[in-house]
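Notes follow once the structure below has been shown.
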Amino acid sequence: FKSYEGKINIDGSSTVYPLTEAVSEEFREIRPQIRVTVGVSGTGGGFKKFLRNEIDISNASRPISKSEIELSKQNNIGFIEIPVSYDGLAVVVSPKNTFVDYLTVEELHKMWSPESQRKITRWNQIRPEWPDAPLNLYGAGTSSGTYDYFTEAINGKAKASRGDYTASEDDNVLVQGVSTDVNGLAYFGLAYYTENKDKLKLVPIKVDQESEAIYPTDETVRTGTYQPLARPEFIYINVKSAEIPYIQEYVKFYLENAAALAEEIGSVALPSEVYKLSYERFKNLRTGSIFENKSIVGANLLNLLHEDAQ
Amino acid sequence: MANSSRKSEKLIELIMIACSLISVLTTLGIILVLSIDTIKFFAEVSFFDFITDTQWTPLFADKHFGILPLLAGTILTTIIATLVAVPVGISIAVYLNEYASKKFTATVKPILEILAAIPTVVYGFFALQFVTPLLQLLIPSLSGFNALSPGIVMGIMIIPYITSLSEDALRAVPKSLREASYGLGANKLQTAFKVMVPAASSGIIVSIILAISRALGETMIVAIAAGQQPNLTLNPLKSVETITTYIVQVSMGDVPQDSLEYRTIFAAGITLFAFTFILNNISFWIQKKYQNRYD
Amino acid sequence: MTRKPLFSIKMKDRIFRIYAIACTAFALIMLAVLLIDITIKGASRLDWSFFTNLPSRHPEESGIYTALAGMVALLLFTLIVALPIGILAGIYLQEYGTKNRLAKFVEINISNLAGVPSVIYGILGLQVFVRMAGLGNSILAGSLTLSLLIMPIIIVSTREAIKAVPDSLRQAALGLGATKWQTIRRIVLPASFGGIMTGIILSTSRAIGETAPLIVVGALAYVPFIPEGPLDQYTSLPIQIFNWTSRPQQGFIINAAAGIIVLLLFTFILNGIAIYLRNKWYKKTNL
Amino acid sequence: MVQKNKSVKELNPEYKLESRNLNLFYGQKQALRDVSIKMSANTVTAFIGPSGCGKSTFLRCFNRMNDLIEGVKIDGDVLIDNVDIYKNEIDVYEYRKKVGMVFQKPNPFPKSIFENVAFGLRINGEKSKSYIEDTVEYALKQAALWEEVKDSLHKSAIAISGGQQQRLCIARAIAVKPSILLMDEPASALDPLSTTKIEELIHTLKDNYTIVIVTHNMQQAARISDKTAYFYMGELIEYDLTEKIFTNPSRIETENYITGRFG
Amino acid sequence: MVQKNKSVKELNPEYKLESRNLNLFYGQKQALRDVSIKMSANTVTAFIGPSGCGKSTFLRCFNRMNDLIEGVKIDGDVLIDNVDIYKNEIDVYEYRKKVGMVFQKPNPFPKSIFENVAFGLRINGEKSKSYIEDTVEYALKQAALWEEVKDSLHKSAIAISGGQQQRLCIARAIAVKPSILLMDEPASALDPLSTTKIEELIHTLKDNYTIVIVTHNMQQAARISDKTAYFYMGELIEYDLTEKIFTNPSRIETENYITGRFG
């Protein structure tokens, strides 16, 4: 291909896609001869291709799973794991809902736990002073990283959830659903709340009854005060690709610009320290996952990276 | 000359056989691709549970692998779509063929064909944002996500399959039959349904099969507007999930691809395949039986 | 005397006429609602830059240049593959193979294939074209997958169209010493042109709108260049639209609507050509 | 043997069918030019003339069958029992039931033989099974087909020979007991034996029915009709008693045509 | 006026068409029973018999047209120029070009009039435009259609009248200049004037062609054929010089059939 110096193939998560797209768009400005392509086949689909050596970089909205690590060993593929942004999860209700002032993790658990299925169906079962109205739940599609994360954070175990709620992969559908349902409650990516503020009412979260009710904002998410509903997003780089100069250039560019671009596209930047440490990792071709055998919920990226650097 | 023309005839026939066999190869390919993972799936999940369990929760902590809820959702939405599309589609075809002027037909037929060209994402949001609220005015108990609304919209989407192909079939009925019918004093309605439709039955049935097949395979509309809840119900007012929706959802999601969760889509896929296979065989049987009598 | 029926024969005819007009109106109104809705949402974004810009994170700068090019290329290869094969297979099944078992088997097969969800074609294409044949994320792999997807529609409608050609025409041609193939090519196919066109219209529409199987066989979302050959990577308009509809920013939703308008216009033009040919043919043969 | 044709005195003075200055266009092309004719009740009229002269077209005017063809324009009056049938108030369907029609090419429905004949009764809402069965048998007997098909009444009408098909179409028309019968070369696909039977049937029927028949067979016209109309290029050239037409036509064109053909 | 038929002495001793103990079944139903016949070159043979007796079926055996119908079983030999045409080596397409066929119902292609006639030439790979044009004109003239259609050669053949359509089909068959012509009631849809022309054409052609014609019209058989074959219920009852058949048939069945009809 005539004028191109090199190709970078990226695929994977739809949640990370906007950031990678933005980075690639900017990268095109400075290195137009490098052909960067980005696909959206989901985190699972991305890893599948990644582990078959079909792509250089995989976007992921969750850390690589055990079975995927297993496969990487079998196929002899080294990967470098780099967190690139946060995705805050917003809990929202209809603006017509006047009684919900905040929710505790405990209450969210009561709403969403598997035991509540067909049992907790009315608002007054959550708090007796709330009206005796049906509780209609909207949430992430069960094959998404958001679902895995939310269930782990709220119910203590990934995929542990009641099943009688309206699920969708597409957060715009959930927005649509809850905005017209007085008795509805939904969780989805923070950006979807930000873009639909007028149609929704944001619910602040208390970790427990004593603590303060925190609204998710860029600030509270980045600093880790909004707990436990913020999850990190990653890119995974094939070690062999990481040795190619223009890919090194790209990753460097990615980490330098991720913070600014994340704000622009509506997700949350990580602390700048995290980008620095990640770049070190990349330069040293440090493979493996910092989340192997660790829960991702409430994890402090900075600590984990420091630990790992030792 | 004679020999060479014979040879080229033979060659053309061989090429055509090869073309026909591609469809067989496709089927084999699909079955093969689906069965490898399905076999692995059934190594971990009992077949009996698969067909008798009333819950489908492979992506939940408490896993159940009963296909029935998905099958029910598939059947339910397809039936609703068929109930909308068949009477409407055939009536339009008959109207265009028997009642309307040539000009009207020549204009309306292609316009209706646009319905088949609209991306299904559009239909999905149409069902969710337009049809569901409208239906809720009539049926207050209707939940925001339900089988009825996407079913109706799917029906609208497949109308042109039925209308266009049926109208072609009606058009192909010899004029002399229509004249014979009118000559006996039959009115348009009688001519249409007692003479033309029976004479074009084969084409009409094919159009219906094609349309139903399209509805069975449809994904986005249901994914957006039905709520993705695998409920074992035939109540159109409830939220449901179909096999195809489930397959797309998982195959494009975050699920690790060498896991049991991921393999569920192959088992579900093969179920759908078997289901359509049975359906097609039944309709073929009906068609053949009907046709043999007077062709 | 038999009891008088509720409606007289004449009444029934009137009722049906009104009902059928209502049906037609219903379908047309639905279409109009859809089209108006999309136009209201998307028309504002439809300017020249929308056609010439590369994908961008800024909705108002993002365009469909590469997606449109990818779709055209994809469709072209799909039709080049699917039309001849589909039509030939349809002919074979109708004109040659009515007797043998193979044909019956193939026949049932085909209606089955029409009901296979499109993602499953994606999975098949991924295994066979992308991986086994080593075509990778190429336009060719995508086209071959779409070809398999639309082939049943083409085959079935071709069959129905040729079935409708009266036998007396075949006999006349054969009586003049035409070979079977000559009869088909010169008499049967021209006489069934209209029906075959309907199949092509429906199947092209189907191919244009597909998203899911293409994502599975590796159509990408962000491709800032035009494909240069059948083995190049690509994106396609429906994928771009799909991607936009799931973004949170209102601007992308508008883009999606604008993209849909373009997609529909594209379909109209293609269908328009096919319909023009079909109508010309209807007139010519005076059917 | 067939009875003699009526002479002018015997003709019913009542006019059953009539056309006045009828012009018919297929789009631009004029197929009928100023045709005026009066046909008495209970007579047989034969239309003769070269191929393409408009016989079929004119016949179809009495059934409003040309309505079905787009682009046909009709100008002038067509009257049945002194009622203009192209008037708006006329219920064309009701009216077509009184006018049976047999076409040039046999056109059986792709249904069983029985259902073909029963069709007209069924669309009239007839429900009585025994009545339908009796009528079907009667009609098939009248059309000289009963013996050949009585054992295969429920087989497809498509699988019988051309001649059989045409007789079936006649049976189908007779079954609804119309008062007028329009026949467009009903015997052109029939062998002499069947033709004789049909001709005899026509003779039987004409006491109660008004029959118009298009034929290319001069002998047939001579044998069965009371009056004969000769058409040429869309015009009615001569219309008179059959005897007169065949023995002493007033117009030279008619004579040329008739004698152009022998024995 | 038409020339006299050949007498037995004039008949060509060479047999062009022949069948030996031919039996034909449509599935279970036997349509031809043990038919053996020999037809001389350059003669006209007429097949007569009541509707459904198997005339069309037998005619189609000489063109292997019955091959096209599912479930047909043929037993016995059919020879053309002493070659068994049901042998495997025979190229049925090449062979059909030598045998023209005109069917009972007109079946023009949904193409223009010109293309209908040119069809046979085109499939033979004829490219010369002027040759095709000349031949089309020649064939249409022979079929007595030229005058009527010469100004609308490129209009659809579907829009012309039934009689015109049938003459077009005859022109189409003639255009490829076959040596044998099979005609299945070619004139049953024609008016006397066109019929005369066709009959004259048959007379012109028979010096070079072998012609077999199925007809229901006894007069036509008598006028144009050299020999006549009478079929009944799938059997060949009598086959002889036309004169003999019509004046002095050997079999009582034949006589009954012929005299069942008059005029």
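For clarity, chains are labelled A, B, C, D and E in written order, and residue numbers in each chain start from 1.
Just so it is clear, a contact is a pair of C-beta atoms (placed from the backbone, for glycine too) under 8 Å apart; a residue touches a chain by one contact, two chains touch by 3 or more.
Only a predicted model underlies this, so the values are computations on that prediction, with no experimental measurement involved.
*Asks:* Could you name all chains that are in contact with subunit A and with subunit D at the same time?
*Replies:* Chains touching both subunit A and subunit D: B, C.
*Asks:* Compare the CA centroid of subunit E with every other chain's and tell me the farthest one.
*Replies:* Computed centres place A farthest from subunit E.
*Asks:* Quick check: more C-beta contact pairs in B-C or C-D?
*Replies:* Contact tally favours B-C.
*Asks:* With centres defined as the mean of C-alpha atoms, identify the chain lying farthest from subunit D.
*Replies:* The most distant chain relative to subunit D turns out to be A.
*Asks:* Could you give the separation in Å between the centres of subunit D and subunit E, each centre being the mean of its C-alpha atoms?
*Replies:* About 29 Å, centre to centre.
*Asks:* What is the distance in Å between the mean C-alpha positions of subunit B and subunit D?
*Replies:* From the centre of subunit B to the centre of subunit D is 48 Å.
*Asks:* Where the centres are mean C-alpha positions, what is the separation of subunit B from subunit E, in Å?
*Replies:* 50
*Asks:* Between subunit A and subunit B, what distance separates the C-alpha centroids? Give it in angstrom.
*Replies:* The separation of the two C-alpha centroids amounts to 36 Å.
*Asks:* Which residues does subunit D have that touch at least 2 chains other than itself?
*Replies:* Each of 93-94, 105, 123-124 in subunit D touches at least two other chains.
*Asks:* Two-or-more-chain contact residues of subunit A, please, as numbers and ranges.
*Replies:* Subunit A, residues with two or more chain partners: 14, 40-41, 45, 169-170.
*Asks:* Using the touch rule from the top of the page, what residues of subunit B touch 2 or more other chains?
*Replies:* Answer for subunit B, listing residues that touch two or more other chains: 5, 9, 174, 187, 190, 251-252.
*Asks:* Applying the document's contact rule, which stretches of subunit A touch subunit C when the two form their complex?
*Replies:* 1, 9, 11, 14, 17-18, 20-22, 24-25, 28, 35-41, 45, 54, 169-172, 189, 191-192, 194-196, 261, 264-266
*Asks:* Per the contact definition, I'd like the list of subunit C residues that touch subunit D in the complex.
*Replies:* Where subunit C meets subunit D, its residues are 2, 5, 9-10, 13.
*Asks:* Which residues of subunit C touch subunit A once you look at their complex with the stated criterion?
*Replies:* Contacts found on subunit C: 54-57, 136-137, 215-216, 218-225, 228, 233, 243, 245-250, 253.
*Asks:* If we count contacts the way the header does, which residues on subunit D are in touch with subunit B in the complex?
*Replies:* 63, 65, 68, 70, 93-101, 103, 105, 107-112, 119-120, 122-124, 156-158, 169, 172-173, 176
*Asks:* Hey, which residues of subunit B end up touching subunit A in the complex?
*Replies:* Touch list, subunit B to subunit A: 55, 57, 59-62, 128-129, 133, 143-145, 223-224, 227-230, 239, 249-259, 261-262.
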